[in-house]
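If you scroll down you'll find the structure; I have some questions about it.
Order as written gives the chain letters A, B, C, D and E; numbering starts at 1 within each chain.
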Amino acid sequence: MNVIILLAITGIFSMFSGIFKQKMLALPVILLAFISALVLLSLGYLGDFTALTNNMVLFDAHAIKFSMVIVFLSIFVFIMGQYYYSEDIEHLTDIFALFVFSIVGGILLVSFQNLTMLFLGTEILSIPLYILAASNRRSLASNEAGLKYYLMGSFATCFLLLGITLIYGAHGSFDLDIITASITAKGLSSLFITGVILILCAFIFKLSAVPFHFWAPDVYHGAPTVLTAFVSTVVKVAVFGALLKFMLFIGDHQGEKWTILFMLVIIATMIFGNIVSVRQTNFKRLLAYSGIANVGFVLIALLAINDLTSSYILYNLLAYGIASILAFSIYATIKTNTGIDTIEGLAGLMANNKLLSISLIFAMFSFAGIPPLAGFFGKYFIIVNAVNSGYIWLSIIAVVSSVIAAYNYLRVSAILVSHNSEIAVIPMSTLYRIFLVACIICIVVIGILPDHVLGILG
Amino acid sequence: MNNMAGLQDQLRLVPLEHYVFLCIVLFCIGMTGVLLRRNLINVFLSIELMLNSVNLLAVAFSVYHNDPNGQAFVFFVMVVAAAEVAVGLAMLVMIYRNVRTVDINALNQLKW
Amino acid sequence: MSSDILHNLPVVALLLPLIGFLGYLWYGRWLSEKQAGTLASSWVVVSFILSVVLFFEVSTTGTAVQIHLFDWINTGKFHVPFALQVDQLSVIMMLLITGVGSLIHIYSIGYMHGDAGFNRFFSYLNLFIFFMLVLVMANNYVLMFAGWEGVGLCSYLLIGFWYKNHDYNTAANKAFIMNRIGDLCLLFGLFMIFSQFGSFEYADINLQASNNVAINTTVITGITLLLFAGATGKSAQLPLYTWLPDAMAGPTPVSALIHAATMVTAGIYLIIRSNVLFIMAPFTNDIIMIVGLTTAIFAGLIAFKQNDIKKVLAYSTVSQLGLMFFALGLGAYGAAFFHLLTHAFFKALLFLGAGSVIHGLNGEQDIRNMGGLKKYMKSTHIVFLIGVLAIIALPPFAGFFSKDNILTAAFIKSPLLWVMALISGLLTVFYMLRLYFLVFQGKERMETKVASQIHESPMVMLLPLFVLAILSVFGGLMNIPELFHGTKWLEHFISPIVSMSDVHLEHSTEWMLLGISLVSILAVGYIAYHKYVRLFMIPELDVQTAQMPLARLLKEKFYVDELYNAIIVKPLFSISKMVMSFFEEKVIHQITNGSGQLTLFLSGAIRKTQNGFISYYLFAMALGVLGILTIFIILS
Amino acid sequence: MTEVLFYSLAAISIISSILMIFHKNAMYSVLYLLICFFSVAGLFVMLNAQFLAVVHVIVYAGAIMVLFLYVIMFLNMSTPITIRKSKLVMGIAVFTGLLLCFVLTTALWSTDFGSNPAIVDQNIGLASTLGKVLFKEFLIPFEVSSVLFLSAMVGIVIFNKKDVKDEIDIKNNHG
Amino acid sequence: MNILFILLIPFLSALIILLASFKLSQKLAILSSAASVVVIGFMLALFGQNTAAISSIDLPWIASMGVHFHIGADGMSLLMILICNVVALISMYVSLGDQIHNPKQYFALILFMQTFMNGVFVAQDLFLYYIFWELALIPAYFLLLIWGKGEKLRPATIKFFLFTLLGSLLMLIAIVWLGNAGTTSDYSLSAISGLTIDTETQLMIFGAFMVAYGIKTPIFPLHSWQADTYTFAPAPVTILLSGVMSKMALYTIIRFVIPVVPEAVAEYGIYFMYAATFGVLYASIIALTQKDFKRMLAYISMAHVGLIFAGILTYSQAGLSGSMVQMVAHAINSAGLFFIANLLFKIKNTHDIQAFGGLRQYMPIFAGLYMVTMFGSIGVPITNGFIGEFMILTSLYQYDVIVALLAGSGVILGAVYMLRSYKTIMLGPDHSTIQTDIIGTDKYLLYSIAFVILFTGIFPAWIGQLCETSIQNILQPYLQK
């Protein structure tokens, strides 16, 4: 709880630092706040707010783990953002503030214990994102991204609300515990089921899984790259946290049909994401689609929920997150310096920009799931879970689709080293070099020591 | 005041289903509006209508459950609605500045 | 003689030629012709002497010498020793190989004089001797097969010795590949043997075969057929004989050594070696007999119309080998072996004589451009004549006895076969005399300028000729039948390996048969004499005969090569092209690349759904919700 | 009498909303929506949620609708703009709406909503009760929603605050 | 002597090379791979005296998954490692000859590849094995991409990678299943071979493995990546690919598949034997009319490994040890042949067979050594090609005659295409441009290859001895069942 307060205050501070022309302060303070939040979370100093919360939010282990990953990834995003936004941009601090608010929303989301908080958390998470997506005012792409995100987001919100209300109608409360109790008392009603379905639809939308994926590629493509990185990593963690919690909540009452729904969604998502990206020429869009595909992969973990599921999901999201933040930041660097945004344009990057290319190759191979990089284990644990739960065919489909995915990443890595053309040296600040190296180290270390990471996460 | 009470006593008779299905109808009308208008303003309006129907549903449920939480929830729905609308309209104005139209399909350069 | 020396002797005898070869690899480039020739020959001569010693050893003790060098393969039941075995059969083969071999080495010193690859030639010859010895000295089939393929390899090297000539290289390839076909059959024969007897060693197999009565005859038949098929490859029988005439591309000594005396007889050796199995397979014997006889007559007919002196000899070799197989088929192993030896003598003699002629005429090989050579090269003429008389089986030359043996065996089987065999013999008579007359008798047909340079070959070449001539004259003494109060020494000698046939004819019948055959031989001889000496008929002149279809057919060797080309070689390559262009490209690659293209296509199709219109997206979303709800209503 | 009241209000709301979504002039749509809201407020009253009804009228009719009107004026779209979809698309849209309506109805048809409660607590709709609830149970959401507003505000600022570049643009535009 | 050396030497030297100077890289590379050859030779010596001499390592890695970093070696592994390092050394020497850009990265990648392939041969834990298996692919991928030649290089490389990846991932599923089939998840070979699996599951697992290895080897229908890859790759890499990488698959069939799913192998192996041996015939027929020498060699290699593949599946003493012998032979022969292809390429700057002719005139040594290698590859007795082929064919014949016939067809056709190409390239009237024989490194390398070919042809028994116990252990469970 005090993490939320801390972060909220940090956001406000960042706004005021903008107002009082102290932009320099914003980022260090925010990073400091994040680190201290991490410390608080990891040490469990969360304060005792039970008197106030009356079971609105609950900071159990689940919430803490997800919050930790959220904050951890946010640190990377902010460092990347520092490099992405030039100092003199208007509203820099406001943008940072919005990011922070959105993170607050995320943490609320993963710690929700009451459908009201689910709703509010979703909104607090999303509304800043709508704004940030459109925050690049003069670029039509950004406007379009913002509009699409906003419209479809609020459209989805309507369904979410309807769902929540129906559940409320069924059991006369928003509190998960009470609802569970009354379910055991009264049993399931079609009101409840319909409500759950609508809420799941909203979740699927937020996760940009088929059939509610349409916004994702366009928004990812149009929005400022930092936001894209943020949406495809941090937000996903938050939403998965909430979804997992929700599934646990309805878990006892889920039968065949949930599984069938999820399987359909999973297969459709993986195949869509991977196949469509085969023809993709724009690098950023490619990453967007790969994000969609990865969501499909992670959803597999929800088919067989056990006490390890959350750590597997987190591991995958962490691995995927770092790799994709790395990839997005590299994309942004190349785009801002040379204006290249196509895959073919990357030809011959290796010639003069060794570090960039090597880190990109690491990211790509992590995506492609090449052992022993993080991405491999991210996929591996989920496959193990699925196979142990008897979803052999699903895992075979997953494997085949990930071969298709591998094609895309190999395409990129193959183009990097081609001799035909060259890209001039791209200037990079020391901070950024450190950032790249740090990302590579994370990818490798998380991969080589999966046990320790799981230990932290589970 | 007592006639008010009497009014209430009679009003109680309307069964809940009516409210539920009315809300569903309103919700669907709103959705239809979202689907069939290209004018951004109308789309916003339709979304407002959907939210409203949900509000009505929540209130109805809260009354029939004798539970104030539902009505409290409606407050938050309003809050969110207000915030969303504010953001949305601001975005609309900005976009209108750039493209001089409120057609939602005016912006479709991001595709495939 | 103490046994340890005895143990080393065969090894030394085996290794000497190999040392010669390796030595060449080492110092060959710095040796003069004389040194190289003498060295190479001396290796073989020495090992010949050792073989003689061994021969006496074996003949005195009468037991085979077994030497186990090391384990070649040894895993589980699969055990193949690298072991030598010198018994009566192999020791005589050794004598033949090293003896004739050394003669031909010496001869080659003169013949190859001045050739660019002189040293290389001798190294190959040495290597050949080595492998031939491995072939005959092996105590198990696998090692024998090693020698078997080794000699094939050497023949490949020697046929293609003048590697700048494309046709020669083609001939070499042809020889190797056709041998390989036979070898594959032989291999499968070995597999059958192994799965039947669980061993590759002659001793075990013979033991089991002779003891174990309950051996499935079909298996034995299969084994023997496969072995025989292998033999047809190596010994140039139908249908795999066509490489041998082409193999004449090699230098003449090679033809003499490999393609007349030794290598081509490996097939006969193989069958004699595994006679225990063959005796149990009557069906196979009939097959062998038929194939042998057919080959004998077939090749004889072809030889009728050949005008290349070496080709004629080559076909006569094929025909003689056919005769030997015929004998094998009859079960007259002794006779076959006997003919093998005598044939080695006189055929080597004939080839070397031909070589001397070619040498004298500076490489001329077409008999139509020869004639009347008897007054130019007297000694060559004499020895060649001896060879001819030997091969046409005129008493008392070597060929007479060996052929007589075979004919007798044939008559015992059935008179018809005797007649056929006799016919093939008469064919031999005709074409050999034709050859002889056209080359040595009559008047010269070569250009005067060539004629002016005709010279008798040097002594180093003539000496081996004389030796071989003597052998061809007296070689028959090895195995004189009772008819002439002889004791079939040879057959007795090898009787530990090959059981003697105890069937006999009355002497009167034998005399009668002899008479008939002699008379017919003389008659045919006279026809040839009349045709080529009295009338001076020269192949190029008798145009009208060349126009006769039969004659043409013979001249073109029954079009067998063309046939093989048409039904095997060409189809194979067109199939290969077809497989590559159709199956590999269109099917395999299409399936794999096709999956990729399919993905691309799908990608192109599906990404069209992402068409950028918000209203469309909203639609899609609403429909999604609708769909999911419907699914649930249907499910519940 | 109750039914009459209910059905009339329901009818008004439905009709007005239908008109709202079909009317080509945004201004009129706003006004129709306003009517719809009022009728919904009436329904609130019938449900004895007077306070909520009042808030509803104030917030929606008072604030949001005015905001809409303001924007419409600001972009002077009072004149009818004819950006409409093809008949086909409209047909599909309406069909989809009906379909969803049908599906939801069928989904909820089977449920029994139970008989109406014996006695309706008169007070739950009252400001006092709601106030208590809001500031006790719903304290955290209440506080947190401030963050929501904050970010919305920031967003509006980011979108529409004139900055240096705008000035330059304006200069360029005016010559 | 610890088996870990065999991984550490190349790996560390690769790192050193990356840091070292441009000049040193070549020397260092040669030095290190020579060192590893020496080390493995030493290990073999020790092993010969005392089979327990090679100590293994077993560290827990992913405890929650029961994955161990468990490496060890028996005779078979040592033999494979020997092949791997010798071939690596050869490919290093070959690379010395031609001018290579970015030698540092190049040699480092080759050393990494060597490391990981060694890892495959020593891994005793299925998961660890999988990691090495995948890792070995990465350096190959970049070596191909960066140093390969050919207009369709990039698609071919990606195809190669994806193809292999598909197989590996299917294999991964099987491995995961196996790893968790027991009560506790444990990937160690001993635990997995202890499992009792019902036949249907065995079939599925077997299928997954076979697809993976069929692609990697490759056998008949799964070979479409091979020809292009071998053709476009630089010669040293082709040597590694055909010499070692295909052996990785073959080795693991013996090491992992047969002990784990014996019934499936015994019951369904025949189908894959048909595929493999048909591949022998198929590849030989295609090789007959190949214009491009390197491509022809690729198909020849396919024919040979197909034979080995079938030999392994016979599941018999003779078949397995014959396959081991043949693996050694094929590694050396194909290395030699591709090296020869490289030398030829340096002469005329093309792989087109028709472009050559009459080289023998001025290059007798080259011609002679080429001939030895050629006869080795077509399996003439007393060359190394014969023994393995003979043993495999024998066991194939005892297993199934048709398979044996299909495989035997290679014996004839092999002679045909090899002799034809030799004739075209080496013999005939001389119209070669260069007048000097091969010299220096090339000559001695080719000499030593020829020597090895003849030596292992005459004294092959030690290979069988080396693997005997390992093979016994592998066959034991089946013989019991």
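Note that in this section a contact is a pair of C-beta atoms (placed from the backbone, for glycine too) under 8 Å apart; a residue touches a chain by one contact, two chains touch by 3 or more.
Being a predicted model, the structure only gives us computed values, none of them experimental.
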item: Separation of subunit D from subunit C in steps, with touching chains one step apart; value: 1
item: Most central chain, judged by mean C-alpha position against the global CA mean; value: E
item: Winner on C-beta contact pairs when A-C is weighed against B-C; value: A-C
item: Label of the chain whose CA centroid is most distant from the centroid of subunit B; value: C
item: Averaged-CA centre spacing for the pair subunit E and subunit A, given as whole angstrom; value: 44
item: Intercentroid distance (Cα basis), subunit E paired with subunit D, Å; value: 72
item: Intercentroid distance (Cα basis), subunit D paired with subunit A, Å; value: 31
item: Averaged-CA centre spacing for the pair subunit E and subunit B, given as whole angstrom; value: 69
item: Residue numbers of subunit C (touch at least two other chains); value: 607, 610, 612, 614-615, 618-619, 622-623, 625, 629, 632
item: Of all residues in subunit D, the ones touching two or more other chains; value: 85, 89, 92-93, 96, 100, 104, 107-108, 113, 137-138, 141, 145, 148, 151-152, 155, 159
item: Of all residues in subunit E, the ones touching two or more other chains; value: none
item: Pairwise chain contacts, counting only pairs that touch as defined; value: A-B, A-C, A-D, A-E, B-C, B-D, C-D, C-E
item: Complex contact set, residues of subunit B against subunit C; value: 31, 34-35, 38, 104-105, 107-112
item: Subunit C residues within the subunit B interface of the complex; value: 607-608, 610-615, 618-619, 622
item: Contacting residues of subunit D [partner subunit B, same complex]; value: 1-3, 5-6, 10, 13-14, 17-18, 20-21, 26, 29-30, 33, 36-37, 40, 43-44, 46-49, 51-52, 55-56, 59-60, 63-64, 67-68, 71-72, 74-75, 77, 81, 83-85, 89-90, 92-94, 96-98, 100-101, 104-105, 108, 113-114, 116-117, 120-122, 124-125, 129-130, 133-134, 137-138, 141, 145, 148-149, 151-153, 155-156, 159-160
item: Of subunit B, residues touching subunit A in the complex; value: 20, 27, 30-31, 34, 43, 47, 50-51, 54, 57-58, 61-62, 65, 67, 69-70, 72-73, 76-77, 80, 83-84, 87-88, 91, 94-95, 98-99, 104, 107-112
item: List of subunit B residues in touch with subunit D within their complex; value: 5, 8, 10-22, 24-33, 35-39, 41-42, 44-46, 48-49, 52, 55-56, 59-60, 62-69, 71-72, 74-76, 78-87, 89-94, 96, 101-103
